[in-house]
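In what follows, subunit A forms one complex with subunit B and a second complex with subunit C.
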Partner chain A sequence: MRDVAMVGAGMIPFGELFDQSIKDMVSGAFAATLASVDKGMPVGDIQAAWFGEVQSVDGFPAGLLADTCGLLDIPVTRVENACATGNDAIRNALYAVGGGYVDVALVVGTDKVRDTSAASTFWDWMSTNRDMAWDLPLGLISPASFALHVARYMHEFGATREHLARVVVKNHRNGARNPYAHLRFEVSMEQVLNAPPVVEPFGLLDCVPQSDGAAGVLLVSRDVVDRYTDKPVWVRGVGTGMDRIMHAHKTDLSSFAATRKAAKQAFAMAGIGPQDIDVAEVHDCFSGVEMMTYEDLGFCDRGEAPRLLEKEETSIGGRIPVNPSGGLKSKGHPPGATGVAQCTELFEQLRGDAVNQVDGARWALAHNVGGPTAVSAITILEGPRG
Partner chain B sequence: MRDVAMVGAGMIPFGELFDQSIKDMVSGAFAATLASVDKGMPVGDIQAAWFGEVQSVDGFPAGLLADTCGLLDIPVTRVENACATGNDAIRNALYAVGGGYVDVALVVGTDKVRDTSAASTFWDWMSTNRDMAWDLPLGLISPASFALHVARYMHEFGATREHLARVVVKNHRNGARNPYAHLRFEVSMEQVLNAPPVVEPFGLLDCVPQSDGAAGVLLVSRDVVDRYTDKPVWVRGVGTGMDRIMHAHKTDLSSFAATRKAAKQAFAMAGIGPQDIDVAEVHDCFSGVEMMTYEDLGFCDRGEAPRLLEKEETSIGGRIPVNPSGGLKSKGHPPGATGVAQCTELFEQLRGDAVNQVDGARWALAHNVGGPTAVSAITILEGPRG
Partner chain C sequence: MQIAALATYRPTWADARGRRTLGSDEDVATLAVSAGRLLGGRLTSVQRVVLVTRRPDALLGTAPEVVLEGLGLDPSTPLVEQIGGAPATLETLLGSAEGTLVLAVDPVAPAASAAALVGPGGITLDGRAGARHSVPVRTVPLPGATDLTYDDPRLLREGGWKRVVRELAGSAEGERHLVIAGVTAADAAKIARGASGVAETEAAAPLLLLARLAGSRSPARLVAVENGHGVAVDVTVAGAVPVLAAERSAHPAPVTWAPSVAADIPASPAAYARAFEAKVGLKAGVCSCGELNYPPRAQCQSCGVLEPQRLQPLPRAATVYSVVTVRANVPGKTVPYSLAVVDVDGTGVRVLAHVTDDPPGAAPIGSPGELVLRRVATRAGVPDYGYAFQPEEQQA
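Right after this comes the complex of A and B.
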């Protein structure tokens, strides 16, 4: 196994991109990713690509990346793993680079959620992305299935809607300053708590927006890293964890078992622990999910996540800033792109170039959890000083 | 990079499996795959899995494999690459095993084409799996898009519908003896030539059936191969090639550029050439595609493919038997499973256990071509004597 470096990372601004086809979005993210490489990279250096897309709305996914970006002489694989697609695509690319099969790999993630084709929509996917016989008829689509977890956590540990709102206020504060964010405005505690209800305990502002977007990263082996940059970010750990699909089969709703498994793999591979992480992008598809994930990632002890929020330890300037990009909540959530865009943010953080910079960050962690809370993917990065 | 061996391969009989859910199909293929390991394999030995599925009809794909097969403590990734999904999933698993990240990997491929859920069908996917703005309105769905290639080839090289029919007769002859085949009957030249037309030059019997099915293989590193078998099959080469999506952009319809690119990669990795292949499973989704692929794989010179069929060189007992399993044409074609099932057949061929055994076969090749003729994936295997 060879060390693998991230030498480029870029994205297009997320939003309701009715003015862009998915081809525009993908080629925009590819161009931004190439442009981020310090010493430049000829397209011909790329030897393989992975394309993270949850639901296709045009073309066929792998071909769409190859054809749109002029990558017709290399293998392209589509990876789909629900909302964990982005970080799982990076994991697959890492195996090929670290394993010695290719020196330079591209990962692009995208989804077009707000725009649909005649025959296939993102929401077709959403409705099948769970057990069709039992959970779907119960209404356990995404907000409801996450709400079961968060409600149980609140019951067990005394967390309140105010704690959830703290996540929202924090992430919107960060996202308001991020030019790539979908929802670039701040919100107050009162606005969050008084927003129309979606599903108990979530109001409208506890929920992620529906976003279109695309992002990319370039992974290279240590052997060739000097060609592209003197400030590489190292991919030190990857992990993908699974859980039961049906909520009736989950043994503890106050935690996300998939996240715990992914974290265990990624930390073991990186040879570090949660206490070493300086900055994290965490899957805040719903406010309480970020809060619960602090514990599943080991950022604090069991039941202590509400205290982290009270002490603002996950705000910029706190002990372990989470979602300096604005998170899914403010930056937006095109599922195939989300994990890749988290790594774009962390690439900038670790090189000291981020909009909401976390001073001196060396170790960073990107986290997705998705499907019917049944999959998580995590990437651990180390900055150029590593 | 470490040598990678296939130590197990299994499948369920393909067909119209209205009596089985996709969970039944997947768990059936997994059980058959485990049962094929000579010295047995505890489920706990499997360290990662790849799931090839073109279109989900229940659950979410990676979770469906994990949950149904009790693989909840390992990473599972869904790979989708149109009809090349199966062999591309094997390529991704090979990177992880050969790269040293895992010692034992499972690949399962499946699709449920004849059964649909309320919200998502295989045919939704089929209609989006091409350029939606230009090619779909022209009616360039799968049979028509392949027909453009075959018609052009026939025009340039003087091939006839009789040549195409020879492919069909050969593959049904093989498939009639294969207990895992969907269409277990022989057909005559007259039946093929007189079948109702689908799209020029294809009649109904030139076309693949719509099949449900699932298949699996187990890949392990050389370091642990002795635990599982004394007759490993070695995965020597993999390749995935791409082509333009729109037919107006393809420079030569008398060939499949994606196949040529995939073959070049796979042969280079294996360190052999087409003349070394003893038996092949080739993507005969339409009769003429198999014929043209003889040339794209290098089994004969340009324009010579009709001669191979006239001389029965690709029949059992010929110089290079193709599709001893019956091929997609008779065995059936659940797209996500097809490439994996090709390797199941070749695993048995190389170990001397096949129903239609090719005597003394040492090198084998599995080939998919799909999407709007825009992707190909190839796996090259070497038998235990290698």
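Right after this comes the complex of A and C.
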């Protein structure tokens, strides 16, 4: 496979974007992505595009990207892989560029969740990833689907709600300084612990907000990278792991099997291990998911994730800073955009341009987990010095 | 005719007056199954089922197939739905041949259900007498509608049940004890010295009284009444009769079970029909390698072969593997509710289920209990049945 570089990455600020249509959001992210390319990127150079969108809004997704951004002469494909859509769309583009089929590929991820009322679309979203006969009628809502894992983990390893709250406090502290974040404020331990319960053990502040957003990245082959930048970020590893859809069929809820499989693939491809990662964007849709994922990614041993939080090793300045962008928790979580926006943050981190810069970061990892905890996608990036 | 075994069930929840009332996941079908399943292995002798209730959930009900599957009976077993109260239950018993399972269900407070298996046994009913006058004081217009009660309790008492009991008590004079189904225990005590009744006054009442009589050997005259209609029999208890009872201590029911945010949960009757036998019968797919797959799946999750799997009933005892409680509003659902993944003891099978008959959040990981048939949702107006986890009662 050819080496593949990320030469541009951009996003629009996430939030409740009532004043923007999904087409406005997509064109905004596309413009920001093009503008981030050091030496410029003519639209005509793009040879293929992948569009990550979980829930279709305003119709035919691939056509929406092609038409909105003037990409009518190249193939455009929609990717839908639940909350792992963003990083999985990047994997698809990587295969095309790395495989030698195109030299320049665009990935745009988006979702617009605030064009319809939460109650009216609640079951539409649920129906997209629940078994109609068995799981849908039980009301296995997304926080409950993840909480069943976190509750089992807490039972086995003695983690507490305070450990979960540490994730939230840390990510809000980072997000408060990120101009692209949806929830730009800090929260205290007390606020997190005293927030109204959503699904025990999660309170309101343990959960992501409902955000609209869009983000994009440009991947190019080593052959043409010099045309676009002298500071490329290399896409060294990708992985997409699957697990059983139904909780009844999963073997161990104290872990996310999909994440473990995606990590194994991505680390093997990159030829590095978890100890080499300097900064990570981890899927913190619910506080405890980030905590558990430390172990599934290999950042610490089994049962040690609460210790990592106690020692603030995943805070900026710690051994392995996680979610310097604020994470999904503070930055927001429009599912199709989330993974792409993680890479936007890491693109800046590895080039030394991030708001919450992790000093000297060389290796970075972006992680999504989603569906009924049944899919994970991971992207491993290396900075320009590589 | 003779009764071989009896079973009685009362729901866990109690209304503001302390009367047992249905949980949000119970209805006529689940109540019938809750009582009937108590008969256990005796159900293998069932040839025919009669379901008696004054209040079917719907006039074109979904109950028959749910009751048969929930009891583990062959779906081709004859099942007759009989609308009626206490007299109808007694008439049904008297008209039933050996092998008939009579299920009587009272879904309104005070709610109860009961089952009687007709066949050689310790209880004998004979000496039938009947009376019928037109005293339509209490009527039930349609499923789900409010009862109509003519505003004259004296008419109901004097022209209705008192007159009927007087006409039918006959042989109760002397050594026979008088028991009355269809009026409250308090009213029964007023009509004759030593007469007894039960709080539940509809279809289940005669069976609840027979279950009580089974413990004593004194002969009794049982009168079942409803408005101006009554049926009476002599009850003779000659030997031991198994009486199986399920009655958990009461929990106060919420003021309302209605979802705080209304919404229709999407349904696919076609998907439900495909899942029905496994979902309502609690049956796993059995692979040729021996693995039990639940919910059944095309590919064995152990050995990976793709081949048709026959269905096999699972045991009901289970232990909580993980559990969470949903407290945020969920459109179309009654909150809070607990969702658990439970290990079915000794099978390697896990089930995702609501926790039922317990205050949400009360059963932690490791709690033992059993899977019980419940109406897990109503989708697009259609009831959806499956299994819920009922934690074992805490010893006080």
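What we mean here is this: the second predicted complex is superposed on the first by the 377 of 386 C-alpha atoms of A that agree within 3 Å, B and C clash if a C-alpha of one lies under 4 Å from a C-alpha of the other, contacts with A are read in each partner's own complex, and residues count from 1 in each chain.
Definition applied: a residue touches a chain if its C-beta (ideal position, glycine included) is under 8 Å from a C-beta of that chain, and two chains touch if they have at least 3 such contacts.
This is a predicted model, so every value here is computed, not measured.
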{"item": "Touching partner for A:155 - first (subunit B), second (subunit C), both, neither", "value": "second"}
{"item": "Partner chain in contact with A:352 - subunit B first, subunit C second, else both or neither", "value": "neither"}
{"item": "Subunit B versus subunit C as contact partner of A:59, first or second or both or neither", "value": "first"}
{"item": "Touching partner for A:244 - first (subunit B), second (subunit C), both, neither", "value": "both"}
{"item": "Which of subunit B and subunit C A:1 touches, first, second, both or neither", "value": "first"}
{"item": "Which superposed partner A:76 touches (first subunit B, second subunit C, both, neither)", "value": "first"}
{"item": "Which superposed partner A:132 touches (first subunit B, second subunit C, both, neither)", "value": "both"}
{"item": "Set intersection of subunit A contacts, subunit C complex versus subunit B complex", "value": "119-120, 124, 127, 131-133, 244, 246, 249"}
{"item": "Touching residues on subunit B, where the partner in the complex is subunit A", "value": "1, 56-64, 66-67, 71-82, 88, 91-92, 95-96, 98-101, 117-120, 124-125, 127-133, 239-246, 249, 261-262, 265, 371-372, 374-375"}
{"item": "Contact footprint of subunit A on subunit C as seen in their complex", "value": "261, 263-268, 271-272, 274-275, 279, 294-295, 297, 301, 321-328, 330-333, 337, 339, 341, 349-354, 361, 365, 376-377, 379, 384, 386"}
{"item": "Of subunit A, residues touching subunit C in the complex", "value": "119-120, 122-124, 127, 131-141, 143-144, 147-149, 151-152, 155, 196-201, 204, 244, 246-250, 253"}
